[in-house]
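Following this line, the structures themselves.
The following pair of complexes shares a single chain, chain A, combined with chain B in the former and chain C in the latter.
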Partner chain A sequence: MATENTLLDVANLSIQFPTRRGIIDAARDININLQPGEVLGLVGESGAGKSTIGNAIVNLLEKPGRISNGSIKFQGQELRELDDDAMRKVRGDRIGMIFQDPQTSLNPLLRIGEQLTETIKKSLAVSDKEAHERALDLLVAVGITQPEARLKAYPHQFSGGMRQRVVIALALAGEPELIIADEPTTALDVSIQAQILDLIKDLCKTRNLGVIIVTHDIGVIANIADRVAVMYRGAIVETGPVNQILNSPQHPYTTSLIAAVPPTDRKLHRFNSVDYIDGSDSSNEAKRIDVSTHWLGEQNDLKSPDGVAVSVNNLKLSFVLQNAIFKRNRKTLQAVDDVSFSIADGETFGLVGESGSGKSTVARLIVGLHKPQSGQIRVMGNEVELHKQDEKSLAARRALQMIFQDPYSSLNGRLKVLDIVAEPIRFFKMASSEKQTRSIVQDLLDHVGLGAAAAMRYPHEFSGGQRQRISIARALASRPRILICDEPTSALDVSIQAQILNLLKDLQEELGLTMLFISHDLPVVRQMCDKVAVMRSGAICEIAETETLFESPQHEYTKHLLELMPKM
Partner chain B sequence: MIAAFITIACVLATMLAPWIAPFNPFDPTQISLWDGKLPPSWIEGGQAQYILGTDNQGRDMLSTILYGGRLSIIVGIAAVCLGMALGVILGVISGYFGGAVDAIIMRIADIQLTIPGILLAILINGIGRTLLPLEMREDFAIYVVIFAIGLTDWPQFARVTRGATLVESQKEYVQAARVIGLPRWLIIVRHILPNVMRPVLVIATIGLALAIISEATLSFLGQGIPPTTPSLGTLIRVGNEYLFSGLWWITLFPAAALVVLVFAVNLLGDWMRDALNPKLR
Partner chain C sequence: MLSHILRRIAQSILVMAAVSLISFSLFNFVGDPVNNMVGQEATREDRVRIRQELGLDDPIFTQYTRFLGNAIQGDFGLSYRIKRPVSLLIKERLPATLELVFVSAVIALVVGIGAGVYTGIKRNGWLSKSILSTSLVGVSLPTFIIGIGLIYLFAVTLRWLPSSGRAGVVEIGWWKTSFLTVDGWRSIILPAITLSLFQLTMILRLVRAEMLEVMQADYIKFARARGLSERSINFVHALKNTLVPVITIIGLNIGGLIAFSVITETVFQWPGTGLMFIQAVDFADVPIMAAYLCFVALVFVLVNLVVDLLYVVIDPRIRMGGR
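Moving on to the complex of A and B:
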């Protein structure tokens, strides 16, 4: 398909990482090409090698990675033949890069204007005055209002979305012909994600740029890309126009990847998992158990008198941003503002909202990690103060467990999995002997789909999804009645997300657990929850049954959020 | 590899001093004042059995250095352990509880850091000695020195531990432990301490080298170990008095030994840092 005006032509590209244990093929036999004015989506799960390709094109491969074969032709010129100096010029002037995290890709000590004009002067060799003019134009082009004032601002004075706009302006500064965007919207909220994607698409068309967008999110691809290349374990399994890939995928991996994205418009019983996994055993499916005889089913008589598992009344908490001796000088942030809701026994209650809306803080208040300034929390009909260590609070604690967002920091790396999972059992003296503890832990690990052998290993030997399973096993080990899940899958790939969510659903059904499910991901919430509350800046906007909320939202903000849901 | 070999040889040699040294400097029957101030064996006037010569009291230099190095290492390790124990305990308390406790502990540490370490060690050492009855001063001098050095270097440990504790206690595994309902001391012992020990051990190795130097300095100034018990510092001091009368070996060899020893300890620290990392195992 390579024609005369092909912008980028990558042929038979292979990248290898030599390690102590042998050579790892990060990319094999990659063929992609790009025309001016075209957006190419490179999609795949973590570890698929998609970022590696982006880095290889601009010769920014991490050591000891190297290109072992193939060619990268940019406007007919072979990039592999260029020396470091020439490559640096190409990188600044003709290929622009946009990185994932706008927090770290700008120098916090320089004003936006200095960063922009410096880049413009370096690559275009123009006068100070003209560079300033161009910087203004760029800010206007990326949709920043009051550009004159904004040029004098520092990066921390911008919000996340604005900062990503500045990063895009920087990438455009050298008037490049090609832009490589590596997960440009992953760190942003949904509403801002849509704006940034529109901006990139718009710039691509008006300036006739070629754009390569690297992402794990099929929704992003559906929104922006003209053509898609699907990557799986270092190889491209399928390339084609976006409509064809999304509607009639040819390769089984593409099919299951698309199916694993939870649908936004209807409710399924279970999540579709990515079942195309070659070279690994698919015995990940958890074993079913009989609750009436199983250890987990014992003492399940902890029932609440009125059928309400958790109820929260007029909860308030504000954080001090800037402390001062006099009250009027203090700056505070109302993190949770008069929140009230109740969760019935055995119900899954969803709490959705964008980052900073206070949804995680509510969860942390309920489990006692924060102390509310006012308001009551009732667990199983008892008013409890969970930050205390008395007997009543401990009993409530046992009934209430939490699953955290980041599986990489939620497990103590110095302890064996056995000790991590056994901690609640030992602490609450729920087993009569060490031998029984061991067998309970092995049984739990088996039950969450890890296998009993995992007990003797350390957390760093496991992948993110497996770690989240360990985390679930630990939460189950105190035989809780209520499980609080704070974004349990947002750090995981789509395929793993489906497995973990299915596991949670199964456990809930078997054990009759009550669940508070916190997420920013509306499609997931629709699949998981019976009832949903929408939060915005610390307050609840709307509480409704899930289907009612999705079909006929009442509050303006809910409507706004639903509109932003990526549609496929 | 070569570095590791030198380190191990160095440490082993000093630790095994009683078995490998040709003479015992503590045994009066092996010391003869007639053999005093002899030059190294390869210089005219030297005797073959005293390879590096003898000091003013007729003690074999090589043996004395080995015994002295041993004493320096023991004093260093003991002092660092004391300082580390104190610093880690105070640092964890400071970092985990915060508030007034934190403010008080860290201000004490700040105040102590404004006073030069060696000055403080001399002060503590002096007070410690005067508190002891006269007849016990000689025997307990070593413990007083350990105490003095240990008390001077706890603030570094407290600061590093506090910082690491602040980072670790924000992590979700600590919060998970709090959700389970574990009491605070158990969270500190089981979850926080094992995870903050890595940076602490790194400064402990630097601290060990510094403690050896501190001990040598104290002894050199006549404030530490009495001259009857040879340590590297006392040897250098004794040699210093004879330096201008041409008896250079009494000072040079202990000083060289001190340099090699400190260097070796630092190498050992580097190696230990990697060996203790569970992810590299």
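Moving on to the complex of A and C:
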């Protein structure tokens, strides 16, 4: 395949990580090549080894990883033969990298201009003045207005999308011929994601760059890549032009990966999970409990008197951004602006919007983590003020449980899973004895598909998806009537996402739960929700039945969001 | 920004007011000052007269306002023992302590940050490992043991340096400095090292821990991916980010140096304020004790104020009041 002007030719590359338990093959026998002006998508789930390949190309493998075999030829030159100094010249000068999280990729204490000129002067022999000029040009090239003023700004003064543009400018500073972008849009909103992908595509064409996009998101691949390599457990299972891979995948893993992406255009009863699994990993079919006789189902038929599980009226909350002695000098942000909606018993209500739209704040208001400035919250027919400690509020709090986005930070790492899940039972004194508490916890863990043995282990021993199951078990432990799920799967791979969402759907059916489902992922919302509210800048633009909203959106902003939804 | 500074200054004043109250209460709780001043043979009339002269019969509140008013003007009264103004005594002794603290702070900072960065970067090198294990000695041994050990080694056995006292002092106005003569340096070096060891270890371990954390940060990885030199990554990108938490500790520690100097000055018979304080405690010389207490508190408050302002210089996120 490699021709004369091939930019990058990776042949038979294998990467190993020696650990105490033996050698792990992070990548096996990888063959990829890239022409100038071409975008290659490297797609796979977490742990598939796709980032490792990117890091290996620029010789930035995390220790103790090492290349055990193969060659990496860049413009005909073998990169593995270069020493550290020569490799440093390749990085930045000839191969640029873009990382996932623009919030953390930039040094917070240095001005954008300092970071840019330092990088430019490292790669190109230019004067201070010329470096400054080039920095300005770069900012313009990545679409940042008022470049002169922006050079003096610090990273925290940019929004997420703007920061990622700065990161791209930095990657381009040394005028490289190849860009390796590792999940460049995963941390960004859909509308920003579309802009950044357009920018990368555009730069690739105008500068004749080779681009490798590493991602877990098939939507991104569909949007930008010319060719795709699909990775599964350290090996490339399939390579081909993007249309061929998406429309007629050959390998069963690719087929099931594509099928697991929630469709945007129709509603399915359940999510397709990635069922292609070779080897042992089928322990998920744990035993489930019969909720009609179990403790968990005891208050199953509890309904609110008027059929409305949760309703909020004219909810308002503003945050002080910059404090000042005089009120008129204070800068505030209207995080939640006059929000009203109600959720019927047993309904799944979706709340969608981009980051900063206030959707999480609404959830936090409902569970009482913030105190509203004005407005009412009714839970199961009772008006409650959840920050108070009276009996009515306690009952409401027991009925409301929350599942958070980040499965890593939402579980206390110093507690055993048993104690994490048992905490609500103990707090609300819902079991008659410690023995009963334990057996309930074990049943709950069985029921969410983890298995009772998990109780004696600690959270760090579990993967992201498994941790989210622990969160769900913890939420169930107070026998709630209402689950509030704040982006419960956005930190997870698409196959794990399908499992977790299916679990939530099953639980809802069995227990008759009401759900407030917060997400920025429109396809997922379409599958999960009965009704959807679209939020922007703290206010609700539109509330409608899910199918109505997706088929005939009324509000301009809803239409805009739907247009940005990646289609395949 | 301005309101931030004003708020910090207001807090500082509050702290000083509290400390002055404690210092003042020393007068009433640490024995009867009249007993300390007059001899055994003083008559009852003499005692009454002295009480009146000193204003000890006035209501407590009047006494406190008077104490506060005088203290603000730097007047802490006469030492019971030496019968000279306390402010003058402190002024005489202060240069010795400040120079000692200054030299040991410089040692602690330079060696601490340098070794911290080194052990943070080359964390598996044999040198890093031996620095870390020896540094444990610094924290685990009490100051006076280290001082006596150093005296034994360098003064008694090797006879390189004097064992105690402050020789080679040159007067510049009222300030007596030991920086201008070889003898002066020879006598300051042992007490300064002794005083610095504990702080040095703290700074070293803190800088190292921060370095290890910062080196894992994405922006360091991104800087590597841009091919920046190791020197720039270590000393520009990483070090600056480790400094914010380090400065807090350094601020507290410089206050600590002055407080700890009591022990070091005693071991080395260094004629500074710390030694004066210990002697004052022996004789229940309350005015000196009260003044010393206020002085140490003032140093702590000032250093922390400076630290707070330094944050603002280093971290733009605080400067802009954002995030």
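Just so we're on the same page, the second predicted complex is superposed on the first by the 554 of 568 C-alpha atoms of A that agree within 3 Å, B and C clash if a C-alpha of one lies under 4 Å from a C-alpha of the other, contacts with A are read in each partner's own complex, and residues count from 1 in each chain.
The rule we apply is simple: contacts are C-beta pairs under 8 Å (C-beta built on N, C-alpha and C of every residue); 3 or more make two chains touch, one makes a residue touch a chain.
None of the values given here were measured: they were computed from a predicted structure.
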With the two complexes superposed on chain A, say which partner A:170 touches: chain B (first), chain C (second), both, or neither. second
For A:404, is the partner it touches chain B (first), chain C (second), both, or none of the two (neither)? first
Have a look at where A:88 lands relative to chain B and chain C in the superposition and call it first, second, both or neither. second
Would you check which partner chain A:104 touches, where first means chain B only, second means chain C only, and both and neither mean what they say? second
One more residue to check, A:118. First (chain B), second (chain C), both or neither? second
May I ask you to decide whether A:229 touches chain B, chain C, both, or neither, giving the answer as first, second, both or neither? neither
Parts of chain B lying in touch with chain A, wherever the complex brings them together: 171-173, 175-183, 186, 190-191, 194-195, 278-279
For the complex, which residues does chain C have touching chain A? 3, 217-219, 221-229, 232, 236-237, 240-241, 314-317, 320-323
Can you list the chain A residues touching chain B in their complex? 364, 367-369, 389, 393-394, 397-398, 400-402, 404-406, 409-415, 423-424, 427, 458, 460, 471, 474, 478
Residue numbers of chain A touching chain C in their complex, please. 58, 60, 88-93, 96-97, 99, 101, 104-111, 118-119, 122-123, 154, 156-157, 167, 170-171, 173-174, 321-325
